[in-house]
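The structure under discussion appears below in the form of structure tokens.
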Amino acid sequence: MTGFDVPDPRFERRVRDSFARQGIMTHIGADLTVVEPGRCEIRLGYGEHLSQQHGFFHGGVVSTIADSAGGFAAFTLMPADVGVLTVEYKLNLTAPARGELLIAVGEVVRPGRTLTVTRAEVFAVEDGHRRSCALMQQTMMCITGRPDVVG
Amino acid sequence: MTGFDVPDPRFERRVRDSFARQGIMTHIGADLTVVEPGRCEIRLGYGEHLSQQHGFFHGGVVSTIADSAGGFAAFTLMPADVGVLTVEYKLNLTAPARGELLIAVGEVVRPGRTLTVTRAEVFAVEDGHRRSCALMQQTMMCITGRPDVVG
Amino acid sequence: MTGFDVPDPRFERRVRDSFARQGIMTHIGADLTVVEPGRCEIRLGYGEHLSQQHGFFHGGVVSTIADSAGGFAAFTLMPADVGVLTVEYKLNLTAPARGELLIAVGEVVRPGRTLTVTRAEVFAVEDGHRRSCALMQQTMMCITGRPDVVG
Amino acid sequence: MTGFDVPDPRFERRVRDSFARQGIMTHIGADLTVVEPGRCEIRLGYGEHLSQQHGFFHGGVVSTIADSAGGFAAFTLMPADVGVLTVEYKLNLTAPARGELLIAVGEVVRPGRTLTVTRAEVFAVEDGHRRSCALMQQTMMCITGRPDVVG
């Protein structure tokens, strides 16, 4: 995950601003903990309002932060004046999302002018122990003329 | 979507109970509006806490109700004493999820003893006009010995 | 699957020419049996060279004609002077592809200027009885300046 | 990709036997070049019968060897007396598959008793230069009572 071309040196500011404007991220209490060229990390502490019927994180919450981690990872490598949209993604839920914390790590696998392919992995941290619980493969689209369109 | 074998005649009660126990569905204000053999519908009114940075529904919210609509559709066709898990899904976001209401319709395409394949479509209703905004294809797994495991 | 805008009235000729130039389609003996606005059908008779180890059609063969049926369906709705590329697809193999014939039906679900979303279903015909064996959801991309880029 | 539990020490023989029985692999001229715990590699030289209309490898060929590489990678970690089926996969075609050789590398990401999640990458080698052209995420299923069911 090195050697990416970074057309906008102020990518971190741009990504953090966009994240801050997503009502849902604030609402559920998610933090954008890492913003690097081609890589983003989002952390989310547990709350009952994020649960399915067994008290684990709901799959929709897992997918929400996976989608955002991958999308913002793609956004780090885009020019300053564009937006980015999720075209599609595929998510495997590989273990119960049980614990006090979720960590989603999104990484660009194949950057492109129009389309960027990313992958994300989500980890559930239970009693301090980190366990992979989801894998995503995603396609993001760069939108010119409409800055800051994520998610 | 007719002619499905329905092993549990009390499927609606079972599905509604499971839905009611999902903290996140209550929290975001989602309603389970249709429960039929092999088919479920979930509705969700707009709120700022569900938004991305342009004030539309966040993609994660779209995926959350799509995943649940497909998962509960699969659950309607399962025996009384089993649970159901999302193995994986693939979601295309096909239009901005803009409007006052989201409607997710999940349908079983291929029921199976262990795995069930479903599809879901999500519609955004803006000023009363309904527009498709997402398409999902999903694999659900029936878990024996662990009743009521959705999401 | 009606009411699509068809910018190129000669779409059938264009699609059939493109199909004819795909070496693999000729090689495996596939036929393009239906070409309608937003819809294509491909048929493929069984041969041992298309098999996996139990004598059924190999999953790769199923995906090949599903991918092409969806791709050409998208291509029917594009202007005369463009090309089309498969961005990605997701395929569920839902039953053994056993029998004397495969039929892949691809349909456009959401046409777009740059990206088009399609779905395909593949049927295996055994002793004259047709059974669904695969479901695909696919994203195609329209490429301007490079006519006839399928697959 | 280390530290996998390998229940069948004769996994390589079992995987190679299964590969040899797939008519299509022989027919297109594919070689199984690496068989390790949780990892397989398949190589395929170019021929006109594998082409799309521009003379590159057809996307269906890329998906066929990606699917098999991932499937056999999963098969290496299964007990001796079971079979394995592709449940579903998602494939991004990220660059033209142009060149004299394709190399598909499949790896297990999350082994499981019933379901195993794998990823594969396909490289096109042109004039000796290797370039990634496809990324796959796949779900495989272990079938007890039916040995050797791949593809």
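Labels for the chains are A, B, C and D, by order of writing; each one numbers its residues from 1.
Rule of thumb we're sticking to: a residue touches a chain if its C-beta (ideal position, glycine included) is under 8 Å from a C-beta of that chain, and two chains touch if they have at least 3 such contacts.
These figures come from a predicted structure and were not determined experimentally.
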item	value
Reference chain B; chain at largest CA-centroid distance	D
Angle (degrees, nearest 5) of the CA superposition of chain C onto chain D	180
Distance between the centres, which are taken as Cα means, of chain D and chain C, whole angstrom	22
CA centroid of chain A to CA centroid of chain D, Å	29
Rounded Å distance, chain B centre to chain D centre (Cα mean)	33
Chain D, residues touching no fewer than two other chains	87-88, 90, 92, 139
Complex contacts: residues of chain A adjacent to chain C	87-88, 90, 114-115, 139, 141
Chain B - residues contacting chain A, complex	18, 21-24, 27, 48-54, 58-61, 63-65, 67-68, 85-93, 148-151
Of all residues in chain A, those that touch chain D in their complex	90, 92, 94-95, 109-110, 112, 117, 119, 132, 135, 137, 139
